[in-house]
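Lettered A, B, C, D and E in written order, each chain numbered from 1.
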Amino acid sequence: MKELVEKLNTKYALQDIIYQRDNMVFATISKELVIEAITYMRDYEGFAHFVMMSCADWIEDNKFQLTYILNNPQQRCDVALRVMIERENPTMTSAHHLWKQVWTYQREIREAFGIQFPGSPRVEENFVLEGWTDKPHMLRDFDTHEYAEKTYFPRGGRTTNDPATYMREKLYPNQPVTAKKNKNVE
Amino acid sequence: MNIYVKIAYTFLGLMIVLNWGMLMRVTFRKIGARMAGRHGVPFRQPWIDLIKNIAVRTTLTHGVMFYLGPVFRFSGAVGLFLFMPILFGKEAWMNFSFEGDLVLILYFQLFGMLGMALGAGEGGQPHSAIGISRGLAQHAAVELPMTMGIIALAIQYQTLSISEIVAAQQGGFLHWSFFTNPVASAAIMLSALGAFGYSPFNLVKAPNEIPIGPPTEYHGTYLGVLMTSGNILGVMETILFMNLVFGGATNWFELIIKSFLIYFYAVFVGMVFPRFRIEQSVAWFFKIPLLLGFIAILMYSF
Amino acid sequence: MEFINLGNIGLIIGFLLIIVGFWGVLTQKNIIKIIIGFSILNTGINLLIVSLGYVKGKTAPIIDATIATEGNYNVADKIVDPVPQALVLTAIVIGFGITALMLAYAMKLYKAKKSLEINKFNDLKW
Amino acid sequence: MSELNINSKVQEMLERSEQNAKNSEKTFVRPEDEVREVVAPDGSIIKINPLYDYFSGERPKEEKPKNAIVEKFLNWARSESIWVLGFGTGCGSIEIPPLVTPRYDMFRFGVQMRPTPRQSNAFIISGYLSVKTLKRVIRSYEQMPSPKYVIALGSCTINGGMYYDSYSTINRLDKYIPVDVYIAGCMPRPEALLAGFGKLKELIKEGKAEKANEYARNFDEYKANQKKIIKDWNMPDYNW
Amino acid sequence: MVTPIYIVATALGVGFAIGVLNKLGRNFTGGLVLTAIAFMTFISFQWFAGFYSGNQLPEYIFTAGFQPPLSINLLMGPFEAFFSLMVNAIGLVGGIYMFNSLKERGSNAQVVYLILLMGLNVMIMTRDIFNLFVFMEIASISIAGLILLESGTRSMGAGFKYILATSVISSFLLIGVIFAYYFVGSLNIDDLITSNLHLVKGGSIAIFLIMMAVILELKPFPANGWGLDVYEGSDAGLSAVISGASASASLYVLYKLMAIAGPEWNYYISLLGAITFVGSNLLGIKQENTRRMLGYSSIGQLGLLTLIIGFKDILGENTIYIAFGILISHYLAKAGLFWLSGIIKSKGLKGWSVVRKHPFFLFLMGTFVFALIGFPPFPSFFAKWTLVMDLTATGNIAWVVAILFGSMMEAVYLFRWLGYAIKAENDHIEPVKIEWSKIIPVWIAALSLYGIGYYTAQLSEIGSGINFIPFLFVAVLLALDFLPIFIKNTLAIAGMAYYFYTVYPSLDNLRLIFEVIFMVGGILALIAGYAYKGTRSGFYPVAILMYAGLTGIIEANTTLEFFYGWELMTAGSYFLIIRGKRSMPHGLSYMLFSIGGAYALLAAFGMAQVSQISSDLDIINHITYLPQWAYGLLIAGFLTKTASVGLHIWLPGAHGEAESDVSPMVSAILLKAGVFGLVLALIGMGAADNQFSGLAYTLGWVGAITALVGNLMAVFQEDAKRLLAYSSIGQLGYIVFALAIMTHLGWLTAFTYSINHFMYKAILFLTIGAVVLRVGTHDMYKMGGLISRMPFAFIAVLIGIIALSGVPPLSGFAGKWLFYNAVLDKGWYFQGIIVFFAGGIAFLYLWRLIHTIFLGQLKDNHRNVKDISIWFAIPIYILIMGIMVFSVKPEWVLQPLGEILAPYFPNGQVNWVAGSASTALGYWSGTKVFITVVGVFAIAFAFLAISTRKAHKLKQFDIVFSGERPDRPETTHIAWNVFAGFYKAVWPATIPLVEKFWDKVTEMLHDTAGFTRRIYSGNGQAYMLHLVLFVLVTYLVIIGG
């Protein structure tokens, strides 16, 4: 494992190497090198299985993080490569030629985050939403409440209670409040 | 007998059979519900369903054949009634059975089936077609052992007339074909399971897989006509087997008891056994019932 | 040694030649040798014909002075059967024609394939 | 496999998806819904618009009751014979199966399940409705013959419930299809459902369950609401 | 009379003259040669005419002024005149054909050609055995010389092998001659005959050698590689002359010399002929090279002729008639085919598809092939008929089997070849250049065949009774083939209608039923022909040919007339079937099964004639010689036409691929010919309880299994017409089964089925054919939902399938009802059950037929199709009216049928009381059932129609689709592999065992042929070895035998 990471490091200059487990490592790699790296890993290091590909929106850093997780069935180890890409006009080199399931992951990420994967087959098709016209719904600056209010005829007179507080007041009205306050409740 | 009186009697008989069919079916639904620990539908439910279906306001049509499906089925059911002697020895309840014999009955069963197949096909609904293809395949398999048994009976009684077959079974229950020719009767009654279309032979109308198969597009009045025909057909099947195997009936009470028991037999089996796939059911009919039919005929071949 | 007379010797040699001819025809691969085999075969047959026509103690059927001078008796009694000899003449002519034709073929075949092996010329078969 | 060896099939799909990307940016037309040309056996070319040529797509008409006395009798029959379409839309669909168990036994009220919209007259919207499911619900609802009834189950159908702020679930069902009976709760128990059926029966018997006609009357309004959220409207305006 | 010596003189004189005159140019010399041949032909014709008129007596020509044996003499008798005429005529016509090629090779070649003819003439005429040897050598040398003058290694090799082989043969001959002379003292054939050489000690070896040499000249199997090479390698014109003239001359030499050999040789000659006939035809099936295949055929035909003259003592007077018929057919047809092969210039068989670009070539080629196989009206047909009749009559069954087997093999390769010519791909082949000098000879040969065929028929006593009028009508239509379809169709219909009008009073009722099916059905099917456009070249002659055959078998009074009609029908239907797309292999198998069946009939007719010297068709009612076998053969022969199981594999393809209006002709109508035949045969067998009940029992099982197999296979077809074709097999199975019951009820069932099947199968095939014309595909899964576009077609199919399925109230139920009564009455329960099961299965395919085509989803490309053509609709609706009348008033049909059958089966008739039928077992009142059912139906329909009068009309995708909507009709239509579940249960029954069996037979024959023909190694020496070994083996056999 370590040897592999060393080899990859010398080859592709990894950063932020974190050993999640003995047989699982996370590392950051530059956007230009990632496709080359996973191609190398697939063809020479036995990482035949593409586990998944995910995306996170680091709105504070103005970045998207793409994570490619690969698995080596023989060695039973996983390597996850992170790539940070710019949030403005996000575009990433497609990896559809390496594994067919990448098509679907890229399609999902395009729909949810709006990252473009030029050349990936069927990437423009709907994934879970049909006929979505607004900005990608998984972006953290997409206000889903506002969207729902604008779109779905909200019924007036709605009140919202924190279940914990509400039930406690209802069941044990005389006890003092000790529990932590839930941040999410407005 | 005057032809008008005859027609009146026939109409009356048809009404009795129809209502008996509804009552019988709902009774079995009740029995099934009680087995499951429920109350089940009220006894009036079939009549209410029928009224409701006829009262449905929206009617749709896919074309002329779409009408003909229920019409064929209804004609098939009523025709079966008309050509079948209902009560033995009562001229009024022999209907028009003197116009045709057992062969007519056997082939007339197919009339409704054919029409249903065509009418459902016109709807263009793929599930209908799947259901029909299954139904026809199963029917072809059911027919073989059943006809072997029936032929064996025809050989035994040396006639193709149902009335004469019934006449030959009079004089005590030991004279029934069921006791005089148990092998042929077994072949007929085993394949009768397929004719009734209860589980394990109900893949034709698998409700959740192919939304009830052939009649999936039928609604409203069409469905009402289909339900009516189905109820008549159900009783007529029992009457056919009653006449062939269980000595017929000489009065309505006897008919009701016997047809109830025969129907009970089909429902009972259906309650107990899970559903067959179509190739399994075809294979099943080609095994035991066919063997019995074979033996039944073999006994008369020497 | 009644058996050994000119006619029988001719017969035996004729048969031998026929057999030799057949042997040559059926075993030699070279076309020229086959043609020679046919010549031997023909010679054998011709010899056979002449020998069969031979009658002991008679002369050739040529009406020359030795026979014609004594014109008072039947010529036919003194000569051997003349017909086989006439046949042989014809047969020789025919054989000549055939040999010539075969040789012409041999020449043309050699020109075509530069070979005289008979089993080379099996373009047509089956 | 190390190079980009895209076989011809992939290439073809690639081209098509690029083509679609261009076309579908605004209109959301699926490839199978595009206008296509086929060659007839006699060589002529037939243009086919799948969205219109295959569907009758006419507006629904109001079907008013005629004779009051007869209608009363028929309404009684309708109320005693409620055939429910077996279509579970959301989490509430898990509350329906208990109805056929001995404990609740909806059959005794004449309520039965049917597998096809053509033969059903009641539609239980069981819980939250995503936009995607709404499309199917509209289709199935329109395919049911009138008179037809809708029972909205759970808070989600009333005001969005706990999904009130979701980008993909609707808040108010009655903006899209007319609702006869609301059953509040998250989730309502099967007893509540039985009570809902009772309420529906009452409404039917009183002749107040004529929401199918309301749908036909306010067809344009309903359609506008539906089309507002279903951006890729790839069906006829009314699904017969 | 010009004395025949001038034949020799002319040839020699002109030959020498050309040596002097060759400076005048090759055209001149060529003309001179032709003139000389013409003069020679004139001489032989003059003599032949003299002998034919009976005024002339045979005449000896003595040379050199001496009497034999001292000199050579010639004989000009009737045979000599005939053969000499044949040789000279083909020499003349062939000379015209080869004029240019001879010219290219120079005046020498022209002279050699002339000398060849002279040699053959003298071979025929000479009465001197040594002279025979000389002129045989001259002929051989001439042929070898002519080959030598051609260029090309291949032909040279062939020529060299030829000269080697003939040298060996002549050696044998010469040795034989000299021994003969040694023992007899004379070379004159007449002297040799009178000397009883075969009785002289040692004389038999002389005879043996002479006979062997003569037989070897005829290229007996297997010592004939050299002959094949010559046929393949030499110029086409020369091959024609070798095949026509040289072989004929050799044959006559054999005939001439048989007098010396004595009667004990006859057997061996026949044996060698039979071996040659069977052997070379067997090897022919493996041939892919046209010319070599024709060579095999030539050798085979010569073998047959050898066999015939070996039987001359047994055949007696008829020998000449038989030999003449076969020889003249072979002579003209083979010459014509060789000439054609020179024009087409394609080595491979598939290359012959180019003849389609020249329709008249196709006509010529078809004529020749049919003449070779022995189809009417060619001479070989009458000859083969007489041959088989006489051989069976004298008990030589084994020989008949050999002859028929050999003929069968010949048919295999010739029809395969014809099939390639008609159907194989020909786009890439350039049309051939037409030279008139080459075409005229071919036309002469073809037209002579027709003329001589007619003449041959008139020659024989029973042949003269044949009605040639329908055939003439075919000829007229052929001549008018250029006319537009409307005129021809009208003409054909009018002709058939008029013919029917003139014929029907003369027929008894039984025959009238079938005549109505054939002729009225034919007219109805022809009406559909108006829907076609253009000239539809070649359709009408062959269609009318088939109908001519069909009416021929109905009208037949004699066995020959029956067989004549049978063969005409086969030929016509073959051409009809092969017109369809992709129908080539099916056409071939149809033809082969038909020929096989025809041969079975032939043998059976022969056996029938054994004890009763009569040619009436009635003789099949009283067969006493091996009656089980005779009736078995008769039934088997007819079963090939009814496509019973085992013999059915040709039908699905043939009917399925045929044109839209041809399918009903061949299915609804043609199959009834087999039924008619069976009716005749079974009437002959007599009532059930006799010695033939075992045969009838077997037939019953065959029918039952056929019904099951046909229907079961139909269920799993994806092609609509194939489905109907398999259905036809099943339906014919019912009919065969019902006939086999051999009771009144059984036959009534069979006839009811026959009439019904004619009507509904014609309706179904016409409708489906018309639909196919509109939608352009046979595949059912490519159609669907057509009810909205084609309501009339739908109604027709609906009525058709209800009638076919036997559901009351339509007419099909009549058949079912009678069937049950018949089965129970007879006691054939198991067979009856099988047939019943088959009927149940019929539902599956009938539903599939109507559902996948008319119901379900309409396909995009059929959105604008029109309803079926009015010209198809007219006959369809006429037939529907027929079905309706039958359904409403079944007694109108069944009662007369019962009366017709009463003389044959008086017991157990159906009782009719006021339209109600009853038997000992059951009862049925068709009219009342119809009225009742229609009444109920009408009431229910009226109720539904009124209650849903405001129904909203839906379109095709307005269906419940689980909340989704369909995307395309293709993916929404359940049509492909509909009965998958059923297939999983019954697949073991659908294994095509029969096809596998016939495939295995074919494979075995091909393997045998492929293995055996390896003896033709192409090595000249090996060929000589074959000759020697052949002689040795024959010698051993003769010594031992």
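In this text, a contact is a pair of C-beta atoms (placed from the backbone, for glycine too) under 8 Å apart; a residue touches a chain by one contact, two chains touch by 3 or more.
Remember, predicted model here, so these are calculated numbers, not experimental data.
Shared contact partners of chain A and chain C do not exist in this assembly.
In terms of the stated touch criterion, the partners common to chain A and chain B are D, listed by label.
Set against the Cα centre of chain E, the chain with the most distant centre is A. When chain centres are taken as C-alpha averages, the shortest distance to the whole-protein C-alpha average belongs to E. The two chains most heavily joined by C-beta contacts are B-E.
Centroid analysis (C-alpha atoms only) places C farthest from chain B. Rounded to whole angstrom units, the spacing between the C-alpha centres of chain C and chain D is 111. Chain B and chain D have Cα centroids lying 37 Å from one another. Here the spacing of chain B and chain E, counted between their Cα centres, is 54 Å. Between the CA-based centres of chain D and chain E the separation comes to 68 Å, rounded to the whole angstrom.
Among the residues of chain A, none is in touch with two or more other chains. For chain E, the set of residues touching two or more other chains reads 952-954, 956-958, 960.
Counting only residues that touch two or more partner chains, chain C has none. Chain pairs that touch one another are A-D, B-D, B-E, C-E, D-E.
Every residue of chain E that touches chain D in the complex is listed here, in rising order: 774-777, 860-865, 952-958, 960, 963-968. Taken in their complex, chain B has these residues touching chain E: 54, 58-65, 67-68, 70-72, 74-75, 78-79, 82-83, 96, 98-104, 107-108, 110-111, 113-114, 117-118, 121-126, 129-130, 132-134, 136-137, 139-141, 143-144, 147-148, 151-152, 154-155, 158-161, 211, 216-217, 220-222, 225, 277-280, 282-283, 286, 293, 297, 300-301. Those residues of chain D lying in contact with chain A across their complex are 1-2, 4-6, 10, 13-14, 17-18, 20-21, 24, 28, 131-132, 135, 158-160, 164-172, 175, 225, 228-233. Those residues of chain D lying in contact with chain B across their complex are 63, 73-74, 77-78, 80-81, 86, 100-102, 105, 107-108, 110, 112, 114-116, 118-119, 121, 145-147, 240.
Against chain E, in their complex, chain D makes its touches with residues 32-33, 36, 38-42, 44, 46, 48, 50, 53-56, 58, 87, 116-118, 136-137, 139-140, 143, 235, 239-240.
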